[in-house]
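So that you can tell them apart, the chains are marked A, B, C, D, E and F in the order they are listed, and the count of residues begins at 1 in each.
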Amino acid sequence: MDCVVTDEQLNKILTDDVPYGDLTSELLIDSSKSGVINLSARQPMTLSGVEEAARMFELRGLDVTISHGSGDTVEAGRLFLSAKGSAHRLLAVWKMAQVLVEWMSGVASATKSLVDVAQGVPVACTRKQTPGTKALSVKAVRNGGGAIHRLGLSETILIFAEHRQFVTEQGGELIAKARLQAPETKVVVEVHNIDDAKYWVAAGADVLQMDKFTPEAAKQIAEYCAENQLPTLLAAAGGVNVNNAHEYVAAGVRLLVTSWPYQAAPKDVQVSFIPD
Amino acid sequence: MDCVVTDEQLNKILTDDVPYGDLTSELLIDSSKSGVINLSARQPMTLSGVEEAARMFELRGLDVTISHGSGDTVEAGRLFLSAKGSAHRLLAVWKMAQVLVEWMSGVASATKSLVDVAQGVPVACTRKQTPGTKALSVKAVRNGGGAIHRLGLSETILIFAEHRQFVTEQGGELIAKARLQAPETKVVVEVHNIDDAKYWVAAGADVLQMDKFTPEAAKQIAEYCAENQLPTLLAAAGGVNVNNAHEYVAAGVRLLVTSWPYQAAPKDVQVSFIPD
Amino acid sequence: MDCVVTDEQLNKILTDDVPYGDLTSELLIDSSKSGVINLSARQPMTLSGVEEAARMFELRGLDVTISHGSGDTVEAGRLFLSAKGSAHRLLAVWKMAQVLVEWMSGVASATKSLVDVAQGVPVACTRKQTPGTKALSVKAVRNGGGAIHRLGLSETILIFAEHRQFVTEQGGELIAKARLQAPETKVVVEVHNIDDAKYWVAAGADVLQMDKFTPEAAKQIAEYCAENQLPTLLAAAGGVNVNNAHEYVAAGVRLLVTSWPYQAAPKDVQVSFIPD
Amino acid sequence: MDCVVTDEQLNKILTDDVPYGDLTSELLIDSSKSGVINLSARQPMTLSGVEEAARMFELRGLDVTISHGSGDTVEAGRLFLSAKGSAHRLLAVWKMAQVLVEWMSGVASATKSLVDVAQGVPVACTRKQTPGTKALSVKAVRNGGGAIHRLGLSETILIFAEHRQFVTEQGGELIAKARLQAPETKVVVEVHNIDDAKYWVAAGADVLQMDKFTPEAAKQIAEYCAENQLPTLLAAAGGVNVNNAHEYVAAGVRLLVTSWPYQAAPKDVQVSFIPD
Amino acid sequence: MDCVVTDEQLNKILTDDVPYGDLTSELLIDSSKSGVINLSARQPMTLSGVEEAARMFELRGLDVTISHGSGDTVEAGRLFLSAKGSAHRLLAVWKMAQVLVEWMSGVASATKSLVDVAQGVPVACTRKQTPGTKALSVKAVRNGGGAIHRLGLSETILIFAEHRQFVTEQGGELIAKARLQAPETKVVVEVHNIDDAKYWVAAGADVLQMDKFTPEAAKQIAEYCAENQLPTLLAAAGGVNVNNAHEYVAAGVRLLVTSWPYQAAPKDVQVSFIPD
Amino acid sequence: MDCVVTDEQLNKILTDDVPYGDLTSELLIDSSKSGVINLSARQPMTLSGVEEAARMFELRGLDVTISHGSGDTVEAGRLFLSAKGSAHRLLAVWKMAQVLVEWMSGVASATKSLVDVAQGVPVACTRKQTPGTKALSVKAVRNGGGAIHRLGLSETILIFAEHRQFVTEQGGELIAKARLQAPETKVVVEVHNIDDAKYWVAAGADVLQMDKFTPEAAKQIAEYCAENQLPTLLAAAGGVNVNNAHEYVAAGVRLLVTSWPYQAAPKDVQVSFIPD
């Protein structure tokens, strides 16, 4: 997968860290020194951010070799990225490149672990990304095999209870109002309890997002839909993680919505330098 | 503490989420509707990001009241921020403001927990922030009572083993070279084992950063410095967390360096709307 | 409707036109002179861009009064915006504010004329906006009562013939592949002839976008769907305009997709100055 | 003619349209697929924007061949641009590149049609470009053989009636005031009727811009200048188009000032894909 | 005169200096402390940059009072700007505001000294501003009573010898070529010796820019023009300064072109703080 | 030394000067013309800005050869940079590239002259750069062999008298307060008279910055430190220049702090064009 952030954004990360050169290197290391930096997985991981890290090295005039790209799942010890050139430059890019891959691979690996237990049911991550990391978070989720629930509010319809506080229409009337004006978009409704869930599947929601439902509660709604031949797609959200995902799937949920991968610990990347 | 990011950056977060309006609200809710949004702590937390969240609401033309600011430690249930105005606008800002406070308060609260066990020894967080979040991370750390180890590479000297691979001078000679050219800056040296630690305190490092030392190993170096009347300040880095910080302090460490708060789980913020 | 572009973008439009002051005004007019500028409709129009024009005057320190906002349909002669203050500043903002309203009102008024003949069938404008004008174009379309077909490519599925050149699956198999991975999104398929149209409604497309179909051809597909109880929503695209929209509606089309309003001539705005 | 907008601006156009990938392509087309896209003129046109479109493809890592550049006038069917590489990337750039060329070639071709009937008299387009399109509009006008009347207000002097409302000096006194301070700049005066026109040529304006004068009225002023040996250059503005330009030229006008090309319909570009 | 740079640019100057707070203030001064900062002229000067400095204080939430604005000539000791509020904030803005006024007032005062000896002949500063300071330099020049020779290359014609190396036409033919296509613009020609000067005034240049001519040489050309009734406006450039300006004026030069003010030493501003 | 400003910043300098092409070149010179531009030192100088100037030519598609880079000290007449290609493009970049090297080489050469008389004592330039030129000024200083005193306020501690107005603690107590919280940073104290100087070296300042001390006064403090075995490093600031630097060094000062190079006159660069 290609680099998803602009050179300007990568330059900003580098410049925020090294605005006027690496003082330590410049005082101590001769500017003619050169070498190689190698980045390897220190533990098994699904890689993410490799192309962005590579681009950081390129932006500082270094030669880069990618041996495993974002989306690859690698074992511990596997080399995935090398850069070669001026020691000053290698040292100046090092940590920002390493941290980027560590953090993105943490998100990607957590997503992957969920996808692996979801038995083919799609895993969709929410909009609750760490502030300012949206493009990187979206890539990391996709590298782990996940999808994004909603990229934003402008092209999808998700009726929260909070919306419903401000309207007078309810049920089928509210859904029809949305459909009339946006006939190309599915209508998703979020609910917080079983009664509401039954009300909105009966009202014709295209997708029902069940927030913080237990698997048992989700199952109850799935059965209700089956009995009444209601075609609503059932999604579970709020508290879905690698330990309970299979229970939701077994309950009849057909979409897992989660913010869980955004809180994953970074994966460790091993860095080594080889002076020429 | 003031808002540390520009309006342009806050606008970008809002616009990335809502580039062309909130489709759901605009289809369903009358544009004349208005109300109040309240943000409260759902669990005890040290707040951070409150001013940034408040500014997001202001940037969309809403009236804001802050009842607890960043840096305040509050119990569960405590209201800290309200905004008032158009329902369309409240709903458009809601999640981005909430997520910002949740994530920053997670970092601040984790920092605070470390500071609380450090018995007055400063806690300094590293440069390993989540990519693109530097200004927000720095604020969150400070709200929790922590400091920042190095803001960047341009105004501090920290000699890593990786630097030493590229130089011929070692020990006192290397330190003198740095000091001569940067007489206003302390020379910090990172070491990974006891022999190196003794070598560099003897060589006159101003600060010794002991990476992944056990408290026992740290204590050994503290004793070595005491015996030899070496004034080097001892810092522990790599693996310092809320469970072991007191051991490092007891061992004689005088600076705790850590990335641990950056991995803290977000704190939960309760949101409620009151329509007019 | 609020101003949809940032101050930075409005400042850029003003600065591109007046990078270092209005030479004529500054050479000839005393800097203490002041007055009022009035903007009125010179012909009947649906207004758009009024808030953006108003904000331009405010950004140069002028006091603004809006008497008709974007979305209002006004007769010839109607005053909608006044600004008051320094003559130097009024003259420096004048033309850019005027041109913005003229152009956006042209798009809005053309959209409105289509909506007026569409008998309740939604009018959705395409992504073929004049380059660099996306936010303004989207607002103008909405001010005229239209919707936007697709804001971009990242959250909607529209299978063009060009996509189909690169895949091996066709028909129901292709639609199922999309649905499996994006269960919250409707699948739209574009077709260019009657055979393809029948093939894809039979295959289960949620929406069929008929490109450059005559109303007669569109009617044939509508009948085919009715006969076969196929629930696909029919959209007409390519060549829809104010003269033929009613024929598509009569033929059974339930969504009109068009770029026609983007080519509308600007509406004329009358400007007058009143010196103090 | 070179690309006149920055990579950053082209990236913005692409990213606004495809912020997080083309969902349709990514769900349906294997990422290993590749091919060629060809852009050809569907009707006779003076090309513009070809280098900008080419750069869009390059910015997404595609190989580009330009066979006709901006400023070339080509017949229907003529291929002018090809790009080659990943199907995902070709499909993601396609429409924005096409729309850019279509719209700019519309402006260029309209300008060209005016230049062709102006018998060597320069055609200068106004500042009334579509908001936010200044650099592209200026290029398109030049590709069509036109000039730009005023790029902005900071380096030229054009005394409107609106300026004159705020000054006490008139005629020669006002012109002298401008000349004294800006001796390197010609003084242009706009007038709306014959009396004013005579007054200002007699007062010594370097250029007289006659707004919405008929060719007959323009001729009257040309004769007045000739009789009185007044060297003022005569310009016609307001309503000049391809149908009446020759009449103004015949009347003795020596500069045609117009916004007409900005309202031209886009030219049609034919796009075809060839999968590998 | 208004602030000529955007908030974004002023924020950048402040943020480059204080990216993450003023460490000294924040460690030592209680955040509740407040006071007043006063900026006064330490020597006689023509002020410039006062509004920009004031805006810097405002951008950090401080209350500002301007008692003398840009363009005012003040004696030593005169207070021109005060700001009031948080000590942390006053100290963070202090130096950048001071340096801005010192440097801009240096340029303005030097310009003023030239204008004072030019006896009404306009003083026009060149494009050779310190890189990146264009908007500020232009304002400073104007505050000193000067004009700008050329704001850029896009709207004026100045034929350098270097242009003439690349063309075959010379003299009247070259001037006519320029005039034909840009009838609204004066043709300026730069020359380096007396023979060239005579050649180009005879050829009909609107303005002759004499580079590094002595006053005597300039006088020779003025006499040549008078004898031959040539209306060319004579400008002196290259080496014009406060000591020789009157000689050029006496020689008949009617425009002084110079970069001299850009090299002026900054003027000293006295800063004092008054704690509450 | 590498280019220290981004392409975006260099493009802005070029675009501010040539927003829409070089009118003179485009009207007069055939677009097929090409040639070479040579930049040489017109006087002895320490070069700076060569890589930035080179990059400007590259950004406009020209081929560049650097024969002497920033930091090289060259005699008069020495060629350091050539660019080759389209005459239009060479002429459009020319002046901005020339002015950049002239100004930066002025700063670098002045710094060099100070370093040459400082006998190994470091020369550190202040934060008082010309507004908006920070990155370029820092590079120029380093090219001349100087260091930067403080890059900003966020990572260094310098206690001004102005800070002391807002605190109650003084002397050792104040220093201890700073040290406790920022153990990795030296504490620098600025003083304005001999009594204060003695007070603060006795209080334990790491570095004493003596503002506007005569060499004799500085010597008095050096002797006081020696007598009392106080290890404080002595720095002279305020009025240090090439004429008095050796006196400060002789007095025992071990760091020279100065803004003097920022006021140096630009060095002259000779430009010549060779048409193909």
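The rule we apply is simple: a contact is a pair of C-beta atoms (placed from the backbone, for glycine too) under 8 Å apart; a residue touches a chain by one contact, two chains touch by 3 or more.
This structure is a prediction, so every number in the text was calculated from the model and none was measured.
Averaging Cα atoms per chain gives one point for each, and the point farthest from that of chain B is the centre of D.
Legend: contact pairs of B-F compared by residue number with D-E, A-D or D-F; the interface matching in over half of them is D-E. One simple way to say how far apart two chains are is to compare their mean CA positions; for chain B and chain C this gives 44 Å.
Each chain gets one centre point, the mean of its Cα atoms, and the points for chain A and chain B are 22 Å apart. With touch defined as above, residues shared between interfaces to two or more other chains in chain C number as follows: 8, 16, 19-21, 151-152, 154-156, 181-182, 185.
The part of chain C that touches chain B in the complex is made up of residues 2, 4, 6, 8, 135, 138, 142, 148, 151. Chain A makes touch with chain B in their complex at residues 9, 13, 16-25, 27-30, 33, 35, 87, 91-92, 94-96, 99-100, 102-104, 127-134, 136, 152-160, 162-163, 165-167, 169, 174, 177-178, 181-182, 185, 263, 265-266, 271, 273, 275. Residue ranges of chain F in contact with chain D, taken from their complex: 8, 11, 19-21, 60-61.
On chain F, the positions that touch chain B within their shared complex are 122, 124, 147, 149-152, 154-156, 180-186, 188, 206-207, 233, 235, 254-255.
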